[in-house]
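We just call them A, B, C, D, E and F in the order they show up, numbering each chain from 1.
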Amino acid sequence: MTLRDASAARFGLQSFMGVPLTRDLSGARAAILGIPYDGGAHAVRVGARLGPAAIREQSVLIRAYEPPSQDFDPLRQLGVVDCGNVQVVPASVSDSFPAIEQGLWEIAGEGVIPVTMGGDGAVTLPQLRALARCRRDLVVLHIDAHTDTFPEDGPDRVRYSTATTFTRAAEEGLIDPGRSWHLGVRGPTYRPDAWGHALALGYNVIPDHEMRSRGIPDCVTAIRDGIGDRPVYLCFDMDIFDPSCAPGVCTPTWGGLFAHEGLALLRSLTGMNFVSFDVNTVSPPHDSAGMTAYLASAVMREFLFLACARPLA
Amino acid sequence: MTLRDASAARFGLQSFMGVPLTRDLSGARAAILGIPYDGGAHAVRVGARLGPAAIREQSVLIRAYEPPSQDFDPLRQLGVVDCGNVQVVPASVSDSFPAIEQGLWEIAGEGVIPVTMGGDGAVTLPQLRALARCRRDLVVLHIDAHTDTFPEDGPDRVRYSTATTFTRAAEEGLIDPGRSWHLGVRGPTYRPDAWGHALALGYNVIPDHEMRSRGIPDCVTAIRDGIGDRPVYLCFDMDIFDPSCAPGVCTPTWGGLFAHEGLALLRSLTGMNFVSFDVNTVSPPHDSAGMTAYLASAVMREFLFLACARPLA
Amino acid sequence: MTLRDASAARFGLQSFMGVPLTRDLSGARAAILGIPYDGGAHAVRVGARLGPAAIREQSVLIRAYEPPSQDFDPLRQLGVVDCGNVQVVPASVSDSFPAIEQGLWEIAGEGVIPVTMGGDGAVTLPQLRALARCRRDLVVLHIDAHTDTFPEDGPDRVRYSTATTFTRAAEEGLIDPGRSWHLGVRGPTYRPDAWGHALALGYNVIPDHEMRSRGIPDCVTAIRDGIGDRPVYLCFDMDIFDPSCAPGVCTPTWGGLFAHEGLALLRSLTGMNFVSFDVNTVSPPHDSAGMTAYLASAVMREFLFLACARPLA
Amino acid sequence: MTLRDASAARFGLQSFMGVPLTRDLSGARAAILGIPYDGGAHAVRVGARLGPAAIREQSVLIRAYEPPSQDFDPLRQLGVVDCGNVQVVPASVSDSFPAIEQGLWEIAGEGVIPVTMGGDGAVTLPQLRALARCRRDLVVLHIDAHTDTFPEDGPDRVRYSTATTFTRAAEEGLIDPGRSWHLGVRGPTYRPDAWGHALALGYNVIPDHEMRSRGIPDCVTAIRDGIGDRPVYLCFDMDIFDPSCAPGVCTPTWGGLFAHEGLALLRSLTGMNFVSFDVNTVSPPHDSAGMTAYLASAVMREFLFLACARPLA
Amino acid sequence: MTLRDASAARFGLQSFMGVPLTRDLSGARAAILGIPYDGGAHAVRVGARLGPAAIREQSVLIRAYEPPSQDFDPLRQLGVVDCGNVQVVPASVSDSFPAIEQGLWEIAGEGVIPVTMGGDGAVTLPQLRALARCRRDLVVLHIDAHTDTFPEDGPDRVRYSTATTFTRAAEEGLIDPGRSWHLGVRGPTYRPDAWGHALALGYNVIPDHEMRSRGIPDCVTAIRDGIGDRPVYLCFDMDIFDPSCAPGVCTPTWGGLFAHEGLALLRSLTGMNFVSFDVNTVSPPHDSAGMTAYLASAVMREFLFLACARPLA
Amino acid sequence: MTLRDASAARFGLQSFMGVPLTRDLSGARAAILGIPYDGGAHAVRVGARLGPAAIREQSVLIRAYEPPSQDFDPLRQLGVVDCGNVQVVPASVSDSFPAIEQGLWEIAGEGVIPVTMGGDGAVTLPQLRALARCRRDLVVLHIDAHTDTFPEDGPDRVRYSTATTFTRAAEEGLIDPGRSWHLGVRGPTYRPDAWGHALALGYNVIPDHEMRSRGIPDCVTAIRDGIGDRPVYLCFDMDIFDPSCAPGVCTPTWGGLFAHEGLALLRSLTGMNFVSFDVNTVSPPHDSAGMTAYLASAVMREFLFLACARPLA
């Protein structure tokens, strides 16, 4: 392949990294899906509806090969396609959640690995609902500055916000909290005992300060051992990064991972049986020079390599 | 159609105004095509390669109906589809021009009206080449702050820049200059006698100051009478607008049309046999808050109504 | 007052133009109130929650005197105070609307003229509810690119959006539609017959094209004659301005008023009995260099002069 | 001259429009001078110190020829050079004003026409001091939203601010107020009777509303007749433009001239004996996409054509 | 407290984190005060006058609780109020410094802990003057990329700039230099021997390179031991952070602390008797996406926890 | 030198750090040269043509002295002058490369050390051609996220892009690859085996991961030993920095050096015989708040100290 081929036709991308934009999954082992729903972050910053567009746009800067460990093209190996966006209705849980669940099911139900991009952190719950249809023993590895396990309940807006995703997931029995992890939790919150409800629900929580004192490799080993060969949903909230790297998120929180730390963490997640990937909370109206969307597209590139590396189901 | 339907699925658009993204033209009377080539503006501002992406993104704000004269949905009436982008090679005329010509031919050759978005002003020449294959008597209505008829020649970069498009078009015999118009020319240029070569090539030129003193309606009548029922290529350079409305263009020039003037000008172009539409020179890295791309998407909406209104060929 | 006095203490303003920030209305004839609710624009651009903060910040650039007709200080004449913001809950109609109504009532119920700043266009309905408690015959002069009279109904989110404010106001009998005006309506909408439901509800509608052909003075005279001495609620949506002046609104629409036109329109509204003023839809995340918020603060300055000039009730 | 020659070497300009950067005035009839002093706008927005750099940078977009009336190169005709910047000390009147006066004198004292760029509006006073050394009967044509004739006095900071320039100029006897004009004054001010002190000092004042009702040509004729063949200092404050065209000024004021109006006004100023030109108040930290600086460079281009056209002294 | 309560009323904040905006200190142990004076940074970047407004605006993103060590609400514990801004006069030391001193005295004189936000680094001197009225043995812990101990003298502008604050403080005998520290000094300066005058005045200086080689904990221990139970003024200049975290400061200097390092440094400052806190040099016109103001509001949150933890006086 | 002297005349800089702007090299040991050519990055982001202007502008924030090791003024010690910019023709290799070569030769041929600023990474090849005229045994220390040693060939645009600089340099025999180093290579690329061709050409390659595992000091020692006293060309691509520090480059790549790491790396390069310095790929249209240009000017400051320290040739 010549440089000319490589660079041709990439500007003004309408698909992630220029892969075919289609709902035809024949031949695909992984598929991209945009979920432009941001009704879950109403209490903070709304704008993640523009996240999928921004990520696709910035993905023009992302390239396939990186020696020594990633010196092949995951797009070809996986036959990646981009299925476009789920048709959501802004601010409507009752319209959007079924659409998201259906969108994911159309991919995962075919045995294809979904690689989705939000939208805010509320989009994960309907995705888990779809996965749970076909995956028993589903567990979650949630990399985020927040556990998203607040107990709040009330109208849809409160019941299904970004702050309650994993409360609802546990309550609905979609996943096994005892084998699921929240990694990298840090920073101030609205209420005391921020991790208390996560622990009460049975989740494992490794806060940022513990992750840093133990070291990421040790934490990853513990998680890998705990999860075993269960099917894993990887949920990655961009606010795990420091705002100096990712200012355009819904709830920026100082003190996060640097870009190289976050990408290395992802690269180290080998040996797990990932069945779905989700990156969320890129909010373009609050971004600076497209940095956050560009970093999110780098995260998605790591997802693809993890998808290549995963053991057979 | 309810508001919910109207607003659904629009965020994170991958196609212009959310029309089907496909190369299947069956049932379509008009088709969108992005041309992310900006090698023609090398001497000024490069960046229009990101124009199609930005226009599609901003088109989320554009709506179909406007009473009284446009109170119907042109997307439905025309069965508009979005064919995505031509695969160009940055800075390469020899690779990109044939690809653009072919991209346009695949639409126009099927009898479908192309509605294209650049890229810079150099993308017009290969489009004219495609049109000229099937349209004798092709004429151009060129709305631009510049005539793009400089005599410069030399290597591809100079021979096929934004400044020479209509010089080459006349030399290649693609259009009939004597029935073609440059409307709204204004502002400083690199060389004296800026309109001289346009006139020498046989073009009609109505500078901005004449357009303003005669009034737009009078000019449009004269153009309509001169063109008659010949097939018309409408080429619209966003720098016809004042930089207060459209700062993100390749060659911003103070003193241009206001948004309402430019859109009204387009709306008045009834009774002509338009066979192709082209808006160009949106340069997102030089834009402010997406204004220029948003105005370009409003221009494209006017194109669609003109397409609905055109007399049968 | 010396220049030093005038310029002192103005930076980092916490109140509009530096007036006292208090809920004590004794001595006040007009009071500022911020309404940071933006749950009504969920279908387009969310962000007007930051509008009051941005307007107060930009009001540092606004000054009192302008000869010849405004060569006095309206702040002193009216004893203006700033009551801060209503405590709203993002995206919750059921929590926010009663709070807004109460906030307005605490001002208007004391006989003080409210001068409010949104928030999006949905904040007007609860304000009208408060006014209607004490004002029979209330009418509205609504200056906006949209009539906000769509018939949509459904859950709160749809029933009480920016698109339905004046549908609900008429249905609830808060105002007299037959003596109320929508002035300056223009631009594309989601549905055909955009003004049809406004007319069916009994409203008077003067679209932008009619306003321009008749001239603003003639329209104002007709409105003044029609309204007579009824109490008037002036509702001003910043999208009446062209996006070149006010890019940071919820639904930018090309072809609007220029700054001088909009301010002159306001200045011409003498001889009416205004009882409440409302400017809305400044969305700072979508603004450029604070222009829209700055123009909104100039609009509020005109409100204050209208308040000084109004005939006694 | 070929396009290649014209476009060569222009990027990263260190001088206005790429003219020679030198203090050697032999052969020059006009010379550019930057005055990066912004201590006069301390009460509003500071930042015009970066104005000369921004104007030079944007001048890369400015070109020489414009048919029909300006179809020649003023740079060649005048042998324009760029003398760089005056060495000022931020916030220090006592250091900076003598330096500015000396900088101007080194040009004007040689019989060369200064074309200066601020800096804020305070930089005009020391320039007038230099001109007054060699020009009796000096008059000023001041195009600005403000008269800059406030009576304030006190420490240097107050005595020599942007608001008092022409108060001091009259008091110092540098110019003949009775033959000097303030054109285009508009907008709110800090104190009542904003024009009173200007009139008391003997100046002629044509406010914006009068300029618009009489028409610019009529006003210009009156000014031309009043000035006769006296030597004229043309002082142009960028806030004469509307903020939609020029947001990045020290005191933005809505309702100003559009770009084409301001440039046409300048173009109409023929038949006067201009001896010095000054454009000021570009404040890059408050600008958007470089628009204000770009418009200021277009203003300077008009200055050069006026310099070409002026009658012999 | 429910999420709804927590998120209510926070948008468009007029006070820091939404605390009561009042000068009534009864019941308060700490009070916020904005000091919008930026006349001390005239030689570099002016704009910190907008700092308090920006910090209050960004504080909407700041939350109270952070387990494990900060799992309580310092706002409640301290009864924090926001006293608004000091009324300063731009660029005038003689007007502003007495006003700042008085503003601080009205808080500190009541035994309440001031938590102030600049403004530039010059605002510290008048604050020290107020503190010194009631605190013998006052010492300073100054965390800054610069010592602000240059010997320059001259007119007010030079004598009381950001570069001379601690020179003057020592000369005026306000603090005990021998028990005061400058921590984290780094980067290029205007003059050789940048730390020489600090040492000559008797201050302790721990440059950045020493802080990094010894480790922050060791440095903090040394400072704590040196200070003992003396009353400490904590002065925190945002330029201690790297420009990747805090671009919008007066004198950005590469190589500074990352966000987590700076916040951890603050968190480690236990066991000292802080009597006043000051964060300065946020310059919004030079910021990017509000990052610097947001980080400053996180710094202020740490101040509040330090205030909770301090030993009784 | 007083602070006043130091700060005087710096705003609106037309030269790097305010040094004399001249082509007269008498007395100079080092000279600045801007190379505004960006035709080598056509495949990614174009805009580095504005790099020299932006770097000069930001250099107003750079200061000379930094204790303890750099506590002297390198500008005085070296008699630095700024020679302005090379006159290049956008997108034309055939016009620009000879001009760049000549521009460098006019400095290096006089025995003066060039300190150049791009422009994109393609500008290095013609500089090496100039150096190779007078320097046998020339070697390169290339600090960059990419080796720029792709084998692509074809038309000028492909043959002389940023991706092929050191392929061509080796092929042309300009440098000794066996004694030249590529340091810090990281991140994804267009093709597999990204370093393979560099190694095949004989270059030494130390990827980022190796640099981090060995430590920078160890790598520098190895490079110093390998180079010995050969004349070294230091080529520094700003994309070696992480995008959180330097977003405005041609090919941003996550995971790069932080500012303090990159500057410390440069500071450690003592004991080598540097004969030319080159910093490139600052692309202002893609920058945020001028950060990248400001960091590049800090890099150039380090170059000057290395120039002071180098052993005699």
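Everything that follows uses one rule, which is that a residue touches a chain if its C-beta (ideal position, glycine included) is under 8 Å from a C-beta of that chain, and two chains touch if they have at least 3 such contacts.
Keep in mind that this is a model prediction, so the values were computed, not measured.
In contact with chain B and with chain F at once: which chains are those? Just list them.
Touches both chain B and chain F: A, D.
D-E versus A-E: which interface comes out with more C-beta contact pairs?
Contact tally favours A-E.
Please tell me whether the contact surfaces of chain A and chain F are same or different in residue numbering, using the over-half criterion.
different
Please compute the C-alpha centroid of chain B, do the same for chain C, then give the distance between them in whole Å.
38
How far is the middle of chain B from the middle of chain E, if each middle is the mean of its Cα atoms, in Å?
55
Multi-chain contacts in chain F: which residues touch at least two other chains?
As it turns out, chain F has residues touching two or more other chains at 4, 7, 43, 90, 92, 242, 244, 286, 288.
Who touches whom among the chains?
All touching pairs, sorted by chain label, are A-B, A-C, A-E, A-F, B-C, B-D, B-F, C-D, C-E, D-E, D-F, E-F.
Which residues of chain D touch chain C in their complex?
43-44, 150, 152, 154, 158, 161, 163, 187-195, 207, 242-244, 247-248, 251-252, 254-256, 286-288
Looking at the complex, which residues from chain F come into contact with chain E?
Residues 1-4, 6-7, 61-67, 70-73, 242, 244-245, 258-260, 263, 288-289, 291, 294-295, 298, 301 of chain F touch chain E in their complex.
Give the list of chain C residues in touch with chain A in this complex.
38-39, 42-43, 46-47, 90-92, 94, 155, 157, 285-286
Under the touch definition given earlier, write down the residues of chain F that touch chain D in their complex.
Per the touch definition, chain F meets chain D at residues 4, 7-9, 11-15, 21, 34, 36, 49-53, 56-57, 84-90, 92, 95.
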